[in-house]
Each structure stands twice: as structure tokens, then as C-alpha cells.
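Encoded as C-alpha cells, here's the structure I'll be asking about.
Chains here go by letter, A, B and C, matching the order in which they are written, and residues are numbered from 1 within each.
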Amino acid sequence: MLDVRNLSVTFGSGEKSLNVCSDVSFSLAKGKVLGLIGESGSGKTVTCKALLSLLPDNASVTADRMNFGGQELLSLDRRDFNKLRGTELAMIFQDPVGSFNPVKTIGWHFRHAGKRRRDGFGPKSDVMAAAEESLRKVEIANPGQALRKYPHQLSGGMLQRCLIALTLFCKPSLIVADEPTTNLDNLVERQIIDIFDKLRHEIDASFIFITHDMTIAEQISDEIAVMYAGQIVEHGETAEVMSRPRHPYTRALIKTARELEGDVDYLTEIPGDVTSGLNRHGQCRFGPRCPLHDAACNHTIHMRHVQGHGNVRCIKPLIREEAA
Amino acid sequence: MNLSNLLKNHTALAGAIITTIFLAAVVFGPTLSPWESNTFNFGAALQPPSAQHWYGTDSLGRDVLTRVLEGARVSLLISVGGVILAMLAGVTIGLYAGYYGGWFDMTAMRVMDLLFGFPAFVLALFLMVALGFGVTNVALAIMLVYLPIFARITRNSTELVRDDPYIQAARIMGQSAPRILFRELLPNISAPILVQASVSIAFGIVIESGLSFIGLGVQPPMPSLGVIMADGQEYFRPAPWVMTMTGMTITVALLALNLLGDGLRDMADPRLKTREA
Amino acid sequence: MPAYLTYSLSRLIGALITILVGSLLVFLVIKAAPGDPALVVLGDFATPESIARFNAEQGLDDPLMVQYLHWLTGLARLDFGTSLSLAKGQSIGQMLAFRLPNTATIGIYAIIIAILISLVLGTVSAINRGGPVDAVSTSVSVLGVSMPDFWLGYMLVLGLSIGMGLFPSYGFVPVSESFIGALHSGFLPALAIAAPMAAVFSRTLRASLVENMDRDHVTVARSFGHSPSFIFIHHVFRNSIIPFIVVVGLQVRYLLGGVVIIERIFGISGVGSLMVEAAFARDYYLVQACAVVFLTIVLAVNFIVDVICSMLDPRRVR
């Protein structure tokens, strides 16, 4: 239902331009969840904002294809695109507190989201009833009361649930969740993830779940795509990627994630930082930090398909069985 | 806030340049001018601006530009005097109120709010009635108008930084309160105070001009911008240039000070842009 | 009780206390001022006996506190005493009652003009942020704040009255006589006061709008596909109104100050010109009364602004 081919995003122009995303391609089938993993600066949020056309004016977006449910997104003008937003394409943002208008009640947000819905509503009471139902689905105990409150009167966890409910209220077909639990503390995070897990089975929408936490991605997603320095470096079924990572970066990420869970004497470090990889053309962007890097890696690396696995952007994919 | 920053900020730079030119004119102008500000010359009365008299002449034949520059000296001195007094008192009150909090803070701010509750001009007028007209009292009036503003700005800034590490360190080292307040704390909150100072001097000139214009401020024959405007008012219809040129000069001076204040504010913290005079 | 009502009540009490203390201050300052009411009324050559008689009649021999309370209770009954010299023996209350509507008219007129101009200017600047219109309006704003309002008044008279004959340069037609007349004769004075205020208002509005345009909830609203006009009205403008109203309230202080001179220049019989005349006539009671009236107006406006803001912004009520 979503088919993206060779998406590239560049900020600025000329000398000062920054190529934040390049050669991003993936497909997402209906009802599936794609976990998009990467460190800060890897381009995961920018990719999704590009899909929803939420980038600032100085960003130039190019792609061979950005096809959503049969419609080519790039060829739509502003007004037509706006019709899709909210109703078909939606995004749940990272900071729930800032996402609501502080001078309006939660109920107000629902009421106006309700106006956007394709199937429409009758009188106001219908909208409110549906809103309450929506809030119940995200496990808010007293939905009627919550609707009457103002954002500053609710906790971060509560607001994130409301935001999720609000986004789902319009029944979009594709939902991007951009690190929705990063700003919340662990206990609340667990609850929100469980809600997501429950919802994805109840609704037939597709999800792109952005996170930097591999364990969350493992629990929630059907497929995983790992991004580094603006490119997808590995993409495959969750179980496969997690147990048999092919790209050195993925392997390192999983290793550090497991170490954090387990009991180790010292944590493995991936030397260097992501930003040195941006704007790097004609070579492997992960090169400088990769233990397997050599002269052979100094050309543009494309995604290759690995038998029985998925796609990897590496000329030396790790074929050996790695203990997860 | 250093010199290279100032040079990059066009607003502040423009303001600084114009202010400097203005100050130079005010300080040196009357001496350099070929005209005496108080020599009557009825033959040349009420002449429009010309090459000889750039601002024209008034009803007594005096060169208006020279008078304006002399008057500007007086107005500026009064305004600066008043603002400096307001700063001395207001900043001190604000520092102690913000630092100690408690009942002193509450009482002091209440009193400041009360002072602030009187419109600037009404307060000034009231004081003229109570104290009598004249130069020093105008300065005092300006002081009372701006005292609460400086107090409040200082107090709010002080409250924000009072628990910063370097202040705590000074306390632990046993430094006395006045030393902490004036040596450590004050320099760090000086930015908004200075911005307010430039804005206050600007409007202080307006207050003085206004008071003198209606006759309750500086008394003739001492020139001040307001006195000259009052002269110009009498003969406004036949000779509008006296009033016009004087007012324009005031506007330019105020513009310079406002630009300077704006520029300083932008340099110090771009987020403070919503303040007003 | 709804939160904003309790809040409003506490603000109201605060305002009343301030008026009380303020009136005490005014009273004491006048008392301390050099100058003798007796001499003002009776003239400089009054005999000691007549002075003594005057003081006894006026209660000026009573202890200070008694005098103050006497005056204060009079104020509560709206009895401001009688004029000393300006209009000997006339009830100050009556004078005020006659003059207040004129001041109010000009004041309200000025604020409305300022708000209208700034709504347009501020919004256009914000939407056109960084563009030519923005630059021009910012320059105009800085200029507007730099002009002394009484000078602007004269310039307007020069241009629009003497020059084009569109408006009268003197005299004011009260609203009670003719509404159109008031609008016409009051336009120049109101505009003179409004210009600097409009400058401040539009800069505030612009800054506020720009700040709100960058907020997260605006991006979220865009992601929901709401139309740009909806987003502007409900997410940007609605959130910018409060700082705007606060600034409007703050500028009333300035407005009342400006009114004093403007009334004098344009010959408007308002409280401002009354205070000036009283000052010249050394009419202490009248000056006293005017000061308190001005203070009360400012506090009343502050109170109203507070209440409105607490209703508009649910976060303000604590």
C-alpha cells in the first residue's frame, strides 16, 4: 500500500546543502508494522515527514516513486495532499505535551478532528460519544472527564494516549509514530507500547514505528528497517533481522541493546558519530566506524538482496550465523 | 555583548551612530554655531528654514537650530539625570527584593505597583504641583516615573539567577550580601537594565518636553525642547517650522535611542522582543 | 466556584487596596506640598483671622488621619469636595462628571483606532515574515514609537486640518451633542494618541504570531490536514490574543498620560486638561481628585484585562 523508491531529501542549496536522506526505498503492505530504527540524525523522522509533506520550505524532496494506495504523492498539489492528511496519512509526534493547543480542551481537538473524518458525524453528541470510545481503547479510565480537561491538566502519559486516540480517530490507513515514548518514563512507556501492540492487531492500518530502541521494535513490528546517516542499511522481517543481522551496524546495535538488558562488565561502543556520515557520497557511509571497512568499500553501496533474508547495504554482509 | 557583535547588528549600530552624532551636535553645536541662542533680532523674525538658518528663526529672530541644540542639552541632561536616579534607587530595591524575597519583596513590589499605577504624565504633573515647577523637579518626576520599572526588571532578573551556582559559591565563601549583589549578580543581569535605560532616556525627553510645553516644567528663558515647542505653538499657523523642526529633532533622537535599545535587546536575548517602552 | 471567579475576586480586592493606599499617598503628598489652601482661596493678603476661620471651616485643624478619613469617606460617596480656586466653591464631583465622558470618548476612540491598525499591520507582517511588507511595517512601528504624541498632534493639524481642511484643529463636540460630530472633531486627537500605541501593539502581535506559528501543535494540526486558515485562526491567532490584550491593557497607562496634553492642545474639556488647569491654579483639592481618578481608571482597566485573560487562558488561573 505504500511504495517508496529512491527518496532523497536535501536541506538548503549550493554549498551549504545537507543531504539528510538518500536512496531510501521500501514498501509497506496493508496492516503491517514497519519498525524504523536509527540513532538521532539518521534521517528517520525526516523520511516520514517527507511522506506527509511536513518539511519546511527549504527542504527539497525528490523520489522516483512515492506511491500511497495507488496515488502518487509527489504529483499532488497542496490542496489535494491536504485532503489526505489526517484522514489517510497521519503522524503521532514525539512530544505529547506540545502537540495540543494549550488554550483548548481535549474534546475540542476531537471535535475538529471529527470534522475531518471521511464518514462524517451527525450532531456534536455523536462526535463526543465516539471520542469517548476512542479514549477507552487507549485505556483511559474516565474518558468523559478527560475530554473536558485542558492539556496542562493531564500527565505526559495521559496526553500521549489522547494523542494516539486522536490520530486514530480519523481512521487513517497509514500512521507514522515518531518515537512516541521517548519522552515518557519507563513504566508509562511500557503501557503505551502495550497499547500500540494491542491496537495494531485491532486496526487494519499500516504503521511506521520510529524508534531508537531495538527491543521495542522487536516487540511491535513485522518488518525492521535500520537507517544510518540518511540511508536504509538493512531491511527485513523482524525475526530475521534481530536474530541474524547482516549489516555490521545492525549487529553492533543489537549487541549494545542486549548488553543493556543483560549483565556485562563493560558496554561495547560504536566509535565515531553519525553526522560524519552525512553528505558522504561515493562510499559507504558507515565506513569510518566499521570494523570490516577496507578499500573495496569506497564506492557507492546499493541495497542488495540476501537470500532468505532481506536487503542489506553492504558488500560484506555477515553470512555467518551470529548468536543474537 | 561585545564590539564585534555590535558591529554585526545593524539596528544597534544605526542607533549607536545616530546617537553619537546627536550627542556630538548637542555638545558642540551651540559653540560651533554662528548664532547666539538668545540674541534678539527682530528684523529677521519668523523666517522659514534657509541656508543661513537651517531651522529658520523664531518670533524674536533667534536661530532655531542653535536654540534647539541648547534646548536638547537641557532636556537630555534632565532626562539622563532622572533616569540615573531611577536606576540607582530602582536597581538597588530590585536587587534586594529579588534576592531576599519574603515580606520586603512583597511590600516593595506593592509600592512599586502603586507608583506604576499612575500614568507617567499624571504622576509628573502631580509632582510639579506638589514640589513646584523647575528643572530639578522635572528630573525628580522622571525618576519617580521610572523607579518602579527598574525595580521590577531588576527584581525579576535577580529572582531568576539568585540560585545560580556562582551566586551560591559566593555565599558559601562568606561574601557579604551587598558585594554579592553588586559585584557578582548585577553584571550578569545588566542587559535588560541597560535596554530599559536607553528606552527610558528617550521617553524621559518626551515627558520633559511635554511638561515644559504646557509650562509646568523648565521655565523660560532657559531653553529646553519643550519650551521651544511652546514658543513655536504661539505662532504655529504663520510659522510652523519652529514646532516642526524641533519635533523632528526629538523624533530623530528618540529613534536613535530606540534603535539602540532594540539592538541591545536583540544582542542580549532575541527572545525578549515582545517588550515595550 | 469556577476558578476564574475566585481569581477575579482576589484581584479585585488587591485593586481596591491599591486605590486605598494610593489615595492616602496622594493625600499626604498634597498635604506636604508647600502652599496653603487658605491663601489660595482667600488670596495672599488674607488676614490671620480669616485664615484661621477658613481652616476651622474646612477641618484643616483636625489631625491628619481624621482629615484623610473624612476625604476618603467623601470619595466613597463620590463627593470629591469643592474646588479651591479654579471654580470656586463648585463641586469637584460635578466638574469631573462633566469632563469624564469627553476623556473617555477620546480614549476609547484612540484605542479602537490603535487596535484596528495594529491587527492589520501585525497580522500582515507576521504572515509576510521577513518580506518587504514586514520590513516596512517594522520601520514604521519604530518611527511611531519615537514621535512625541503632542508633536504628532500638531503635525496632523498641519497636514490634515490647516493643509487639507478635513478636520477641525480645535474644539471637541461631545458625544452627547452629536455622535458624528464627536467622531469628526475627535479624529485628530485620537489619532495622535493612537499612533504610538498602534506601533507597540502591532510589534507585539507580530512577535506573538510568529512565535505561535512555530509551535508544535501547529505542525500537528497541519498533519491532521486542517486548512491553513483554520490553523491560523484557531491555533495561531487565538493563542496570540492574550499577550496582545495584556499589552493593550498596559498601554492604557500611556494613553491616560497622553490624553492630558492632547486635551490641552485640542481644547477638549476632559479630565486631563482639568488637571492641568488645576495645577496652574494651585487648586490642590482638584489636583488630588484628578490623580485619584486616573489611578482608579488604570487599576480598573488592569483588573478587567486580568479577568479577560484568565477566561481566555486556562493556565493563568491558579
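Here is the rule we go by: contacts are C-beta pairs under 8 Å (C-beta built on N, C-alpha and C of every residue); 3 or more make two chains touch, one makes a residue touch a chain.
Please read all numbers here as calculations on a predicted model, not as lab measurements.
When chain centres are set by their Cα atoms, the one at the greatest distance from subunit B is A. No other pair of chains has as many C-beta pairs in contact as B-C. Our note on geometry: subunit A versus subunit C, Cα centroid distance of 55 Å, whole angstroms.
Remark: subunit B and subunit C have CA centroids separated by 22 Å (rounded to whole angstrom). The touching residues of subunit B, counted against subunit C in their complex, run 110, 113-114, 116-122, 125-126, 128-132, 202, 206, 209-210, 213-216, 229, 233, 236-237, 240, 243-244, 246-247, 250-252, 254-255, 258-259, 262, 273-274, 276-277. Across the complex, subunit B is touched by residues 18, 21-22, 25-26, 29-30, 32-34, 142-143, 145-148, 150-152, 154-155, 158, 162, 200, 203-204, 207-208, 243, 247, 250-251, 253-258, 260-261, 264, 275-276, 278-280, 282, 284, 287, 290-291, 294-295, 298-299, 302 of subunit C. By the touch criterion stated above, subunit C contacts subunit A in their complex at residues 215-217, 219-227, 230, 234-235, 238-239, 242, 312-315.
Taken together, the subunit A residues at the contact with subunit C in this complex read 52, 54, 82-87, 90-91, 93, 95, 98-104, 112-113, 116, 150, 152, 163, 170.
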